[in-house]
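In structure tokens below, several structures.
Below are two complexes that have subunit A in common, paired first with subunit B and then with subunit C.
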Partner chain A sequence: MATSVQRWWHKLVWPWSPLSEREASEAIVRNLWLHWFPAKVSGRSMSWSYSLWLGTVAASLFVILTVTGVMLMFFYVPSTERAYGSIKDLQYAVSFGRILRNQHRWAAEGMVALVFIHMARVFFTGAYRGARVLNWLVGVALLLLTLMLSFTGYLLPWDQLAYWAITVGTNIASEAPVLGPTFKYLLLGGHFVGQQTLLRFYVLHVFFLPAVVWILFAYHMWRVRKDGGLAAIEPLRAMRRAEPKEMPRSKSYSLFGLTPGTSVAVMSSMGLEERDQVASSPNLTRRMILVFLVVFNITLLLSLLVNAPLEGPANPSVTPNPAKAPWYFVWLQELVASTTVHLGKVTISGGLVGGILVPGVLLAALILWPFFDRSTVSAEGVWFARERTRQNVVFAVITVAIIILIIVGMYLRGPYWRLYWPWSPRPVLPRVL
Partner chain B sequence: MPGRPEQSFEREDFAWLVVMSLVFFALVAIALWREYATPWRPWQRQFKLTLAHAGRFDDARKFHLGIRQIWNPELGLVDRCVSCHLGFEWGGILPATLPQPLTPHPAPAFMAHHPFERFGCTTCHAGQGWATTAYGAHEGGEGWEEPMLSKQLAESCGLSEGELIQMRCNYCHRRDVSTDGMDSINLAKKLIKKKKCLICHTIEGQGGHTAPDLTYEGDKNPELFDFSHVTGPKTVFNWHVEHFISAGKIAPGTAMPDFNLPPEQARALALLMLSWRRINYPPQYIPQPAAQSAPSPAPTASAPQTASPAH
Partner chain C sequence: METDRRTILRWLGKGSVFAAFIAQIGAAARAFFPNVLYEPPSTFKLERPEDYPQGYSFNSEHRLFVVRAANKFHVISAICTHLGCTVQWRGTEFDCPCHGSRFDANGNVIAGPAPRPLPWFEVSLSPDGLLEVDSAETVPQGSAFTTPTEKA
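== the complex of A and B ==
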């Protein structure tokens, strides 16, 4: 039964199946879409438990975002007069408009989270060591770009939530010494969030940032291959290298007498053996399609169940109480608020601590960490290697602290930025009628 | 660490691939169904039948199902209320006893001065014109600042629905001395003169400077009001009502005298305060004093054509 279902399935959706190893390798090399895969991939890199496929999940989200984003561009008008109305049209009148926007929104929120979780995986498996340090740096850049993509997209609906989140976010940025105010002015195209800001954020969001992300993403993938695949193979590679190898028999003389033996032994770039690997086609491609399908289904399900937030139209004269930055920046807002000190009539702003010092130090740490990591090869490509326990604890503690600050900022901060337990009543804010 | 045979990947992934594909098709089917099962569709079907029952077979035949809207770029107006409120301009043809949302507009004489195609629905009734769901249209959802001026909302203010709507009439009729059908606002305008508010307050550039400028009082952020002495609901409307009755109680130390106005006068003045907003309607929407008493044309019995399909 199972085999006949499988056969029919193959006939329907999988019209071609490689008959030999060679055919499978050629399929990968010759195909435009597949050529960035190696012809063969190690079983360990393919496992669910090592990578959790988080990078593929993040990339799948980015593909969904690109496709839904291009479709949204057909309807969205980046002007302060019409932006909000065009989102309302999407929500109420355009066929599948609501689901399209929901999917774009949830995929975007998901991508911010997933890119970070992917980075955490790389950290906990010590996968940034050695040659992979460059790809780690590319990854850090991709994380920052993802945050910027999400932040620029946040403004586009031009509702109260968008307007004030961007106002709060750019105010935090302006706390940077010397360059802060200039950076804010450059980003906003003025001193306040307005038409210039909307246009700048739009261009950054739909063209500049996605283009950079696509280029860096391609480079990120290429580096994975250049570095010999996922770090998961490193323990195996070390094992294979240690195994004594028989030199191939040859009639030739030694190469100019410089190399020992009678032949030049060339190791495969991966340093693995046939038995450690499987053909990328169809094993890797099938699993990638599966991951993409799962991600697509989750975003679609979420889009059917939960609507993307949309509040009243942006109103510069009415500040929501409280006004909050987007969730991935709300921990900074929380830091700014909790480090602001009132001494009598004098207020010392926490902007420098929460807006600049903490994020600056954390970013510097992310960039420099691999260069100070003294762990050995045996800690590479292994989850929670004992040798790296101290490093992993530091990373985990900082991550948990950020998550706690996000939860406090998002769920416990109520009107007048006071703390409320979820079950405690919050003051009723005055209305017009 | 032995290698894994290829078959193991196929075995592991194939079943999941089938399951996920089926889930995908199911979700797409749900999305399609949700797109089709819109709340306005049953009302439109019923309206088509209603037209046929009223003997308007030709109109029923020409009636196509779809989102309908009154679009007026002059006011930035997109009112899709008429996707459900389909009988709005069929007064005189369809019975006034039709249940909501198919009921014809109850004031055809008033509408003769304020044609649907120019004023739409939300200009007077507020609410969210973009919406195609009852909740979205009437309540607006989170953070929506202009909910529909419904009977319930009016009752919570101690007013009738008609009285509450007068607040929005005055957006255009602000400079009228007196306007037909705007009794509450007319009363408030008289009181402003009688109580000599301009001695202390500035209104549109005229008056004294010892009290706050009231020109755009209706735009003031609710959080700028001090509610600590207000006993009723925490609304700007109620703040004004209680303040007009006893200014000294609501704002201790104020120079404004306690007028001890009867509640209906205080409510009328509160409505007037909320109507004073910075609303930039085009000049042709602001009535000329001479045009106020123009006779209203009689409603016609031909099939109305105001609402256009949205697609």
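== the complex of A and C ==
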């Protein structure tokens, strides 16, 4: 019985069973799931201490988000009248609905953090150089998409946070020169926040943005393979290359590789030798499953212990006091609050400076950075290479500045966005309207 | 000559199919800019003038303040000129809960990121004796609508 089920399963996904080492590699390539992986992987690419497996943690979170998200779709109603109630139902009336929602929320916040930390890892290991520039750019797009997914996501409950975040967010968009107001009209589906707005953000959140992330993620992983594995192998590769030997040359394969200069024959052996590598399955796959399970369990544990926030229902006439963005956007809130500049008679709103120009400059820096990095190959794929110290310090300083702004916004801002020490009492305000 | 005409026709054929494709995309994009909006009109009626107490009254439906001094009325927008949160009247000034803008009693910016003063809207008396506001018409600060004395 078991064997016939097994036979059928194999027929469906794996029409091949290995008899030799070589066939085992082949078998990986021919398996529906395993063909995602290269047949062989170097110990360095796979090590815990190099990549900290942060990308895989982010990917695990995204898998969790996709599954819990689709489940939430069975309960959530994207209507301004019923959205809030449907979230309340999940919270109080649907069996385990609260855990479902919590897990979606904590995985989402975790993903924002982890995608950023993964990027920091890539930066500090100088892993974006050479052919990997392309993957760095794909990564920047994934970071933006992750932020957009979060933004569109926390609007959906249609609570006070949602309503005022859309209001402020779309007003920042309308500060953009020339096309700003048109863009705001497009986002809102009108001049005011309403049903059209909710529906637009809903479709972006549940279909459009995740679809783009999935496609780019697949490309991101394909690039990692085409680039020969993680940058950690570069020092070893350079060493092997220096050893005198016959390199296979094959012009006909160069069509496949987007990477200039090396043929696929070289890429597939990663310029490494047999002894530098192990079979992806089970070595890589086992770690991957382990990472996924640990991530899943952490988000589940969090979901059992802490509830996702939900403010009062959206009220267009009263703004919460203070109205705070979620932690990963609160640094932007600090920026828009403090960057209005007066030049003589001309006033440039903080919405434009802190909401568009500063983030735009940061984004441009991320995109352009690899092209100005003049460090040598020896600084590639190693943590905190001495040669890159200056660059790493710049990255760290910007990161710390953002973290400081987040702390100020989260803990030191009280009513009317005034500064208070965390321990000083905040005034209890009568509801003056 | 023969081939030339063919080439031209072929390009015309391919070109028109391609152009139709692009036009289709344009049309699809255009659909996202609504032609009909189900939005409230910019002109609306409030209460009767005599229903307002002296001083500042917040109207939550339209997000504005009706200010009364004796029988003079003016209306100040409660929508922060920075990024659109609702400001609150605190006895002597308007404060915004989102990024801390502060406006004086006339709506001029005292502090914070707001780039412009809070606008004043045109007020009039509708034939049925209610205050009527046109939020599409801003008026200079200091403009006021004076009710006939017997009304107030």
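The rule is simple: the second predicted complex is superposed on the first by the 373 of 433 C-alpha atoms of A that agree within 3 Å, B and C clash if a C-alpha of one lies under 4 Å from a C-alpha of the other, contacts with A are read in each partner's own complex, and residues count from 1 in each chain.
Definition applied: a contact is a pair of C-beta atoms (placed from the backbone, for glycine too) under 8 Å apart; a residue touches a chain by one contact, two chains touch by 3 or more.
Model, not experiment: these values are computed from the prediction.
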item: Contacts of A:Val318 with subunit B and subunit C, given as first, second, both or neither; value: both
item: Which of subunit B and subunit C A:Arg275 touches, first, second, both or neither; value: first
item: Partner chain(s) touched by A:Ser378 [first = subunit B, second = subunit C, both, neither]; value: neither
item: Subunit B versus subunit C as contact partner of A:Leu301, first or second or both or neither; value: first
item: Subunit B versus subunit C as contact partner of A:Thr66, first or second or both or neither; value: neither
item: Subunit A: partner with more touched residues, subunit B or subunit C; value: B
item: Touching partner for A:Trp417 - first (subunit B), second (subunit C), both, neither; value: second
item: Which of subunit B and subunit C A:Ser349 touches, first, second, both or neither; value: second
item: Partner chain in contact with A:Thr340 - subunit B first, subunit C second, else both or neither; value: second
item: Touching partner for A:Ser25 - first (subunit B), second (subunit C), both, neither; value: neither
item: Subunit B and subunit C footprints on subunit A, overlapping residues; value: 317-321, 432-433
item: Subunit C partner contacts - residues on subunit A that touch it in the complex; value: 164, 167-168, 171-172, 185-186, 189-192, 194, 196, 316-323, 333, 336-340, 347-351, 355, 415-418, 432-433
item: Touching residues (chain side subunit A, partner subunit B) in the complex; value: 5-6, 9, 13, 42-44, 46, 81, 85, 88-89, 91-93, 95-96, 99, 159-161, 235-236, 239, 273-279, 282-283, 286-287, 289-290, 293-294, 296-297, 300-301, 304, 309-312, 315, 317-321, 428-433
item: Subunit B to subunit A touching residues, read off their complex; value: 1-6, 9-10, 13-14, 16-18, 20-21, 23-24, 27-28, 30-31, 34-35, 67, 69, 76, 78, 80, 128, 130-133, 136, 140-147, 149, 153, 156-157, 164, 219, 221-223, 225, 227, 234-237, 239, 274, 310
item: Touching residues on subunit C, where the partner in the complex is subunit A; value: 32-34, 37-39, 58, 60-61, 63, 82-86, 88-91, 95-100, 102, 112-116
